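Heads up, the next two complexes both have chain A, just with different partners, chain B and then chain C.
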Partner chain A sequence: MAIQSGGWRDHLIRAQIARSRAFKDYLTALRAREFSSDLPRELLSFYDAVNDGIVAKLQDLRGDLLFRDFGDDAAEVHLVRYSELYQFLYSVTSDLEHVEASRTIVEFSPLLHRLALPHSKDLRLVLHALPEVNYSWADPVSLLRDIARQLEISVDESPPSRNVWSIGFPGLQPGQTLVHTLLSHELGHGIVHSESSLGSLRAQVRISAERIKALVQGVPPGVPRAPVRRFLRRYLNRVLGKWVDEIACDVIGYTLTGPAFLFASIHFLPALAALDSASQEYPSIRLRLSLLFRLLKAELGYSPREVCTDAQYEQWFIKEGAARFLGEWDRHINADAPPYGDNPHDIVAEAIDQSFEALLQAIGSKVQRLRRYRFTDHRDQVRQLVGRLDFSVPPNELDQPPRAVADAVCIMNAGWIAYLSLVEPLSSEHGWDEWTTRSRIEEWVAKALELQEVQRRWDEVSSNGG
Partner chain B sequence: MPVQSGGVIRQRLWESFDQPLRRLVVTPILDPGRQIKEGEASIDLRLGVRFTVSHRGKLGEIDTNNPDFDALFAAALHTYYVPIGSHFVLHPDYFALGETLEYIKMPEDLAGYVVTRSSWGRHGLVIATAVGVHPGYSGVLTLELRNLAEVPLRLYPGRSILQLFLHDVNKLADEQRLRPSTYEAGTRSGPGLLGRDAGEMQAISRFGDWKKHPPRLS
Partner chain C sequence: MALEDRATARLGRSLVDGFTADRVVRALVRIRRERNVGGDDRAALRRGLDLISRVSRGDWAFEGQEPDRRTLGSAGVPGEGPSFFLHAEEEANVRRLQRNLKRLLQREIPTGTDFAEIEDFFVHLSQTILKSSQTIERRPRRPGSVLLGARLWRSSPEVGETISSAPR
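And then the complex of A and B:
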């Protein structure tokens, strides 16, 4: 009997090769775009090489008569693996569709680099717009290698760097400079991911056995309790792990950018979900904001669990508007908080709430290299920068001493204070409506970030021998 | 009206923080020694990092009397971000909008005008046609870049490219603050907003309509 060539395996391989070739055209089209750095193009070349590798392996499979015509389980597994790897390759590539300079927030790249520098010297960042209202972090090169390793495929091609972080921001809101303070939370994801010792953080939080016991006792009679207890333990630990990661990223975000991070969180998070709604992935917004308030109060020398007055905040936040905003939210988040209930998410929230100081200490000891923003150290600088915004100029430098370059994080903090306090006087001075004034403040802050980086680089380059 | 010397400009920039009405802001001045020379009467300004060009294929002609002109024109523009260290190529006869790196805020008693630094002019680069900077103006300055030479020019953001001269403004004691500019406090360059001259456009378009607007008999 003559051997029949073709068959379903052959069709499958040919279809996959055709898809990979179409993918190559997609990569070529992306490479023709305008990027603000070389990295996206280097990544595209890397993905192209991996794709070529997949096509070569598929061609080998196609030429393997044993597999094609008689079937070979091991080779069939290979086919599935290459297809999976290709799917992932496509997803990381599609991020680079939204990296064009005209659509991204170029002012933030140097700031994020400088914030992450003490942690990682060879870090390379790709900022890309997301089609959704969210922020994201990924390490595309390591992920690709991990997936390839798990699929037992070797990726021989060299990536552009071992340490690439791809950070997404809401693409429809590139001009919302101040809310982009939340990018420091995404840096936190990178740090938690690469700092293997941070994996032990969840051990700092103990879930009360009594609470689990009470929960199990509530199951209807006749339902076996042992499997319910086991399921609950597993579920609570999984939720705890995810939540601790998110809280650790908030702590790192606050550590890097100070009160600006709290202001940005209050502006952004409550728009995403109800205050008390939690999911398996994310703790409730009330818990996150409440913990950030505790960080702020500890920094200002107040009792972390006490609800502060507007007057207390005004001592530190220069302008009445910013102080009133903080006072209102402090009362809303902390004084109006409902008690923890007997449900799994509340049990995890309560455990984190009670162990927060221990968690904080553990995070602090792991990220000592990071530059910590101390509001007290920068109060004078922030005051001057708010004054410049009040004078309708970008706050990229100080008035005293003249021409001293402003700190980028102080610029963000000053920007928030101006945004919350100066809209009315600036609108009346310039004859602008509220919306125009808010946009102008964000533009001045973005311009200041751009200019202070130019000044800083100028000084660095000049001091290295011109 | 006297032109301000380098020394006076320095005073206005760095010694008048407590006098908001007299305070001049030009920021950043990366190299004060080179940008504001003693004995000269101007500040050197640098080229910024954004360049806007039009896609000619998308525009038929520019009817500056069309009320939708601004929106139509803006849709046919593309802005390139060119970080310091990279370059933008301006081809012969090519037109692009650029901007100054510096953000400027003029006090009420000073006005200014900008001119291309002569070294660039000798290579065929013409920068500013709208050279006047009004008292009270704030924002970056938009540059109308055109290469009149026969060879393409590489333009590097951060290079000193034009000079800002400043002079006193005489005004009546009871004169109100001057009207803010259309482009006040902008941090990015952009196309002209001719659509805002709607009243002028309408008046001009009526000129030829003798039926609706018959000439008056004297």
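And then the complex of A and C:
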């Protein structure tokens, strides 16, 4: 026996094996459930195969002469890492508890597939509710395959063989259809992750050497400058990399869903954090919204940095309420922005702000296959759909000839314009309170997404000869 | 924070990196014992080279550190005190590590000190990645996934304990 029986290594191995048994019981319990598609069951089988591989690996470690020669520190870290691995396995498996249709925004699944398809032909999606007010993206199968390779566990042959993206949405808000426009940001994470060349995006942004110099000069006398400068450069580059990824996802979200993405971002993000607070991982909400406003203004033909009036927005957004909402937030985000300060996060924000056009071009050239939604090309369609909502009718079809199925992204944009403009007239017409009216608009949009999907499929079947 | 590339995905990537570092340690243990470099070892060493370059770019180095004027001038100034990263990020050290790892890839085993430095680097990196992954915020979930403190296991190796009665 290579590892002393009863020693701490043996003890820890046995503990991890016990953990794997508990995990297997959990998998067995989940398998007894009914799922609306085959994918959750395939994933459960895959996680089971990974778990079996881990158990075999742990058992092998007991007699493993090389592991015996690991120092105590290395052995301890390796064994404790299996606890982290089970944290991960429990997390991705528990997502499958929340994929049932009744708790999931089923209307979005086909739409998200269609939006991502030009980029990822083999994609399969798991949409699941999260026990938090947040959206998320993960690629659990690829990650586990890579972990398994490092552990020399063979699961490469186990299905699912195709690309699986697991996308989470706030479980407390299943009926809030319009905010779920933000799911297109999560598709962005999948695209950024699969496009390794997107890593070169950060090269588009240059951090000012002068600003770093000024910051270094500000440290108290007696503190050595060279290590501070080196530390700062590394820190700024790291932050830049993370922020550029997030901003690329926002750009992809806007590219796929147009102004609806900006409406949803304004609606969702400021409720969660202060406008100017940033972290190593995420740029401030002000920076993100400000860049989205620039995308909108460029599309509408305005100067990207000008603060537009409500009247300018009303030329495009059909109804006064939506235009006023944009005008107010444009002023709040852009006119009231504080100047960039002498701190690392502001230095990165300023660099991104100044290099945004170059960054945008680079992102655009990498995601050319995506279908770009141009609001300006679809304004007439959106106007018709807003008209339908004005008559309390789900906006799944165009009224004017040729009568046709509405585009799903146009439905989302029309839904937002109605949500921001029609609450008062609809409330007074139907005698509803404001909350009821808002809920009804969300329901009509959800119904329209469902109906347009049915009509689309029917058209496909009909055109294929039935 | 909103719209995140979720914590679970970060944990997953951390596990890939951590087990990769462990695999490199394992390859180095084998090379030290056998005095030769096998095919599997070379695959692990190639991934090790990638980890070194990521350390030099600042990966894992800044968990919980957000420098501003105040912290840059305080006792937490980088450059003070012993640190795995300060050693690892020094360009001369990075270059030496990369050079010696490349020699290993060409089946040439470095001297005792150089070899020990590579081993030491990957053991420390493996520990650092674990510590860093433990800072990732987790959602509450099932008791089966509660993290064990290995130090406690080391100091109280009582035979026959089950996971549920283990010291936490």
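Criterion: the second predicted complex is superposed on the first by the 408 of 466 C-alpha atoms of A that agree within 3 Å, B and C clash if a C-alpha of one lies under 4 Å from a C-alpha of the other, contacts with A are read in each partner's own complex, and residues count from 1 in each chain.
Throughout what follows, a residue touches a chain if its C-beta (ideal position, glycine included) is under 8 Å from a C-beta of that chain, and two chains touch if they have at least 3 such contacts.
These figures come from a predicted structure and were not determined experimentally.
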item	value
Touching partner for A:Ser36 - first (chain B), second (chain C), both, neither	first
Touched partner set for A:Gly431, first chain B, second chain C, both or neither	first
Touched partner set for A:Leu215, first chain B, second chain C, both or neither	second
Which superposed partner A:Leu143 touches (first chain B, second chain C, both, neither)	second
Partner chain(s) touched by A:Arg457 [first = chain B, second = chain C, both, neither]	first
Chain A residues touched by each partner, larger count belonging to chain B or chain C	C
Which of chain B and chain C A:Pro259 touches, first, second, both or neither	neither
Chain B versus chain C as contact partner of A:Gln400, first or second or both or neither	first
Which superposed partner A:Ala446 touches (first chain B, second chain C, both, neither)	first
Partner chain in contact with A:Phe231 - chain B first, chain C second, else both or neither	second
In the complex, chain A residues that touch chain C	5-8, 11-12, 15, 18-19, 22-23, 26, 66-67, 69-74, 76-81, 83-92, 94, 131-132, 134-140, 143-144, 146-147, 150-152, 168, 182, 185-186, 189, 215, 218-220, 223-224, 226-228, 230-232, 234-235, 237-238, 245-246, 249, 268-269, 272-273, 279-282, 285, 342-345
Residues of chain A defined as touching chain B within the complex	34, 36-37, 101-102, 106, 391-394, 396-397, 399-400, 402-403, 430-431, 440, 443-444, 446-447, 450-451, 454-455, 457-458
Complex interface listing, chain B residues touching chain A	13-14, 17, 20, 23, 25, 27-32, 49, 78-81, 83-84, 101, 103, 105, 138, 140, 158, 180, 184-188
Chain A-facing residues of chain C, complex	1-6, 8-9, 11-16, 18-20, 22-23, 25-26, 29-30, 32-33, 40, 47, 57-59, 61-62, 65-69, 72-73, 77-79, 86, 89, 123, 126-127, 130, 133-134, 138-139, 141-142, 144-145, 147-148, 150-151, 153-154, 157-159, 161-163, 166
